[in-house]
Amino acid sequence: MKKSLMLLVVSLAFVLSLAPNLFAEVGVTDTEIHIGQWGPQTGPAAAWGSVARGTGAYFQWINDNGGIHGRKIVYHMFDDGYNPAKTVAGVKELQEGTGIFAWASGVGTSPGMAVKDYLAQNNVPWVGPAAGSLNWVNPPQRNLFAVYPLYDGEAKALVRYAIEKMGKKKVAVAYLNDEYGKNGLRGAQEELKAHGLKTVAEVSFEAADSDLNPHVMKLKQSDADMVLLWTTVTHAAKVVGISKAMKFEPQFMSTSTCSDFPLMMSITKGAWEGVICATFGELPDSDYPAIVKYKKEVFDKYAAKEERWGLFYYAGILFVEPMIEALKNVGPDLTREKFITEMEKIKGFKGLGAEVNFKPFDKNDMYSRQGASQTFLVQCLAEGKAKKLTEWMDIK
Amino acid sequence: MTDLIQMIVSGIATGSSYALMGLAMVIIYKTSEVPNFAQGEMALISSFFAMMLLTSFNLNVYLAFSLAFLFAAVLGCFLEFAVLRRAKEPNVLGMIVITIGIEMVILGFVSWKFGAEQKTMPFPIDPYDSLFIGDIFLKKLDILTLVSALVLMVVLFVFFRFSKLGLAMKATQQNSVAARIVGVRTNRILMVTWGISSLVGAVAGLLISPTIMHPYMMWDPMLKGFAAAVMGGMTSLPGAVVAAYMLGIIENLFGGYISIEFKTVVAFVIIVAVLCFKPSGLFARHYVKKV
Amino acid sequence: MDMKRDYYEDVRLFSSPAVVFWFVVLLGALYLFPLFAENYYVYVANYIAINIIVATGLNLLVGYTGQISLGHAGFFAIGAYGTIILMAKAGLPFLLALPGAALIAAGFGFFLGLPSLRLEGPYLAIATLGFGLTITQVIGRVQLFGGREGLHAPDITIGSWIIDTDKEFYILLITLTIFLLLFMRNLIRTRVGRAFIAIRDADIAASTMGVNILYYKTLAFAVSAFYAGIGGGLYAFVLKFIEPEIFTLMMSIMFLAMVVVGGLGSMMGSIAGATLLCWLDLKLRNILSIPYIGDWLEHLSKNWFSITGVSNIQFIVFGTIMILIMLFEPLGLFGVWIRTKKYWRTWPF
C-alpha cells in the first residue's frame, strides 16, 4: 500500500516536472497570444474569405502598435473551403498542436456548428462568429460570444420602415432556403403580423439555382410593392437585374450581406441604385472616425493590393473588436476564465458596428451571449454611395 | 396565357446557354468518347482572359473577344496535345479523372489570379436591357445567345456532315484504326476537335459573363449542358440543342406551375425517365454492342 | 507469382503464415494507434477510414462490375441522415440504426441500379449524378430532416460504453472498417464476385453463360450503396453535425477519383487512393508554409497572381497529382505498387 502510494507520488512529480506550464494558460506565453480563425479562401464561398484576412490585418496593426500588455498576437488563419470536415480538422490540429487561446470570428454556419461542441467541451473562448445564426445563442454557451446581429431583427427593421415610413402594404420575400434565409423570412412575417398584414409572396431560392426568371416572375405576379431579398449576393444582384428587364419595379430591400454597395452596383451594372439595406456596421466610405482611422492605418498599410475595403473585409475587424477590448481589460495576467469574465463585463462598447453588450452567463437568457441587436438602414445612391436613412435602432 | 408564353420564351433563353455547352461536350465525345468534365472550366478561363484584356489592357471589345476565342482554341488543342494524348493505355474512367484533374487545375488558376469576388464583364449590350413584344419580355443578351447557339449548331452540323475535316472526325470516331490506315492523322483530328469544342464553350462563357462572373459560374451550365447532350444522344449535335431547349422550357414551366423548389433538379429526373425508355438518348441511333 | 496447386489455396484468405503474421501486426498497430497519437491524428484517421469504406464499396461497382456512379454522395447522405433519424426519432440504438440506414441506402441503390441495366457510360453517369443532386435537394426541403438548418448527432452508447471522444470512436470505426473490408474481400472471391467481374468484362457473354444480369447489377449497386450508407452514418458522428450542403457533387467526384487513382478493381488500391486523396485534401492548405517553395509561391502570387487567392494553389497541386498518376499509371497507385514489387522481386536482374 505504502509502496504504491510512493509510486503514485513519484510518478505525479515526474509528470508535473515534464509539464512546467501546467498552470499557465493554453496559447498564452509571456510574449505571445495565439488566436485562430478559419475562413474559406477557396471554394464557392471564398468571397467571404476576406473576413479572415481583415482580422489578420487588424491584428498586425495591433502588434505594430505595441501589442496587448506586451504580448503580440500570433494569428493562425487557415482555409477550410467552407467544408465542415476541414474546419474540424484544422481546429483540432491547431488547438492540440499549437495551442490556441481563443478563436476569432470564422465564416459560416455549418463550419461553425461542426466545431461548436468541441470548443465548448474544451472551454475555449470563441468571439464573433461571422454569421447571424440563432444556433450560436440558442441555447447560449458559456464560451461563445456572438457579435453579428440576428437576421430576423434586420428583417423586422426593414419591414417596419417600409410600412411605417414608405407606406408599403404588399410585401414579398425572396429567401434562400437555409437558416439565413428562413430567419429573414420569419422576421418579416412577425413584423407584418404585428401590423395586421401578410406576405403577398414567399419565393424560395436554392443556392445552386442559376436561372432566376421563374423566381422573378413569381414575385411579379404577386404585384408586390416591396420585395425583401434574403438571398446570396449573386442571387440578389440577378433578381434586381431581371426585375429591371421585366419592368417590375418595387422597392427592393435587402440584408447586411448585400449592403456592400460598390460591389452590388458593379455587378448589377447600376440596377442596385435605390435599394435599401440593413447593415451591421458603419459604412466603409463614411466619415465615421473609427472607419477613417482603420482604413488609413490598417487597410492602406497591411492589405494586399488586390484587397478591397469592402464590407466583408472590415467586418473582419468589427467582429473581433470586443475580443481585443476584453483582452486589454484583463491585464497582464491572462487566463481564459478572466477573459470570459471580462467579455461578460462589456457594456455599451462602440466599435465599428452596433453597440455591444454582454451579461454574466445565464442559460435562459440568450442576450447574455448575443452582444449586438442594433441595426440601421441605408439606401444605395448612384456610384455606390450610401445615404443613411435611420440612426442605429434597437430591435429585439 | 401571357404567363405561359413568357415561361416558354424564358425557357428558350435559358436553354440557349445549355445548348452551347451541350454542343461543346458533344463535339469532344463524338470523336474521342470522353465526357469532358473540364469543359466548363475551359470556358471559364477564356471568359476571364477576355475580362482581363478588357479591364487591365483596355482593349476594344471585338478585339478582346477575338483574342479570347483564339486563346480558347489554342487551350483546347494544347490540353489534348499535352495531357490527354500522353495517357498510356487510356480507359474511359481514367480519362474522366484526367479531365476532372484539368478542371481543378484551371479552376485553381482562375481563382488564384482573379480572386473569388463576384465581377462582371463590360459588354456592349447591357445584360438587363430587354425587348417587349406585347407583355412578353426577352433580354437582348438572351437573343444574342439564342442566335449564337442556332448559328453554331448549323455551322457545326454542316461542317461535320460535308467538310473533309468533318468527315475525318467522323471516321476517327467510328473506327480509328481504319481511319489511320486510309491516311487520316487521328491525333491531329483529335487535337482540332478539342480546339473547336473549347471555342464553342468559350462562346457560352462569354455570353454568361456580362451578367455575373465568379470562378464557379460555369458549373451549372456545364452540368445542364452535359445533361442535355446525354438526353440528345451524346453524339448528335441537333439532338443536344433540342434537348437543351426542352430542358430550359421544362425547368421554367415546372418552376412556374408546379414547384419552384425543385426546379434545379427536375431536369435530372426527366433525363432518367427519358433514358429508361430511350437508353441512348432521344436522337442517337442505337448501336447494338457486339460480343 | 506463386503457383497455386489446388482450389483451397486459391480461395484462402491468407496465402502464407507470413501474411497472417503481418496482418496481426497491422491489427495491433491500428488498435494501439490512439494510445500514442494526438487527438487530431485520430480524427484524421477517422476521416480517412470512412472514406476507405466508401471507396471500397464504390470500387465494387466501378472496378469490379464496370458501372459508373457520380451519385455516391447521395447514398452517403442517406446513411448519415438515416442513422441520426433512426436514433433520434425512432429511438434505435446506434448499432441497429447504422445498418438500418445503410439498408435504406442499399434500397435506393437497388432502384438506381435498375436503369443501369440499359444505361452505360455517360448515360449512367448523368443518371447517377442527377440522383445525387436530387437527394440533397429533397433532404433540404423536408422538415423531418432538419431542412437546410441541419441536424445534430446524438451521443452513441453501446451498452454502458458512451462514445464521446475521437479516440473511442476510432476503436469502433476501425473495427467496423476491418470487418467491412474482410467482408468485401470474401465477397469478391465468391461466385457473386466472379459474376460481377464477368459482367464488367463482357455483360452479354456473361448472360449467355447464365449470370443473371438483372440480379447482379442491381446487387452491385445495392452493396455499394450499403457501404456508402455505413460510411455516411459514421461520418455524421465524426462531424457531429450534418446539413445537406455537405454532400455535394464534388464529394461524389472525389469518391470516384479515390477509386480510379487508387486503381480500379483492387482493394489495396481503394485504400491507398482514399488515404492519399483525403490526406492531400486536409494537408495541402499548408503548402505555403513549406520552406523555400512557400516563399517562392508567395513571391509569384504577389507579382503575377493575387495574394488573396493564393490558397487556390492547393487545387492546382491536387489536380496535377491526379493527372500525373493517371497519365503514367493507368492502374493507379495499385499499378505503382505492382511494378515496384516486381522490380524488387527480380532485382538485380
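A, B and C are the chain letters, set down in written order, and residue numbers restart from 1 in every chain.
Here is the rule we go by: a contact is a pair of C-beta atoms (placed from the backbone, for glycine too) under 8 Å apart; a residue touches a chain by one contact, two chains touch by 3 or more.
What you are looking at is a predicted structure, and each value in this text was computed from that prediction instead of being measured.
The pair of chains sharing the greatest count of C-beta contacts is B-C.
Greatest centre-to-centre distance from subunit B is found for A, with centres as Cα means.
Between subunit A and subunit B the centroid-to-centroid distance comes to 38 Å (mean Cα coordinates, whole Å).
Centre to centre, using the average C-alpha position, subunit B and subunit C are separated by 31 Å.
Averaged C-alpha coordinates give centres for subunit A and subunit C that are 35 Å from one another.
Residue numbers of subunit B whose C-beta contacts span two or more other chains: 111, 115-116, 261, 264. Multi-chain contact residues, meaning those touching two or more other chains, occur in subunit C at positions 133, 137, 141, 306, 308-310, 312, 314-315.
Among all residues of subunit A, those that touch two or more other chains are 41-42, 46, 49-50, 177, 206, 208, 306. Only residues 41-42, 46, 49-50, 53, 78-79, 83-86, 88-90, 92-93, 95-97, 109-110, 113-114, 116-118, 135, 177-179, 182, 206-208, 304-307 of subunit A touch subunit C when the two sit together in their complex.
Across the complex, subunit B meets subunit C through its residues 29, 33, 35, 37, 83, 86-94, 96-98, 100-105, 107-109, 111-116, 223, 226-227, 229-230, 234, 261-262, 264-265, 267-269, 271-272, 275-276, 279-281, 289, 291. Those residues of subunit A that touch subunit B in the complex are listed here as 41-42, 44, 46-47, 49-50, 177, 203-204, 206, 208-211, 213-215, 217-218, 221, 233-234, 237-238, 241-242, 244-247, 263, 266-269, 271, 306, 308, 310. Listed in rising order, the residues of subunit C touching subunit B in the complex are 62, 68, 115, 118-119, 121-123, 125-127, 129-131, 133-134, 137-138, 141, 202, 204-205, 208, 249, 253, 256-257, 260-261, 264, 301, 304-306, 308-310, 312-316, 318-323, 326-330. Residues of subunit C touching subunit A in their complex: 38-40, 43-44, 47, 133, 137, 140-141, 147-150, 166, 235, 238-241, 243, 245-246, 281-282, 285, 302, 306-312, 314-315.
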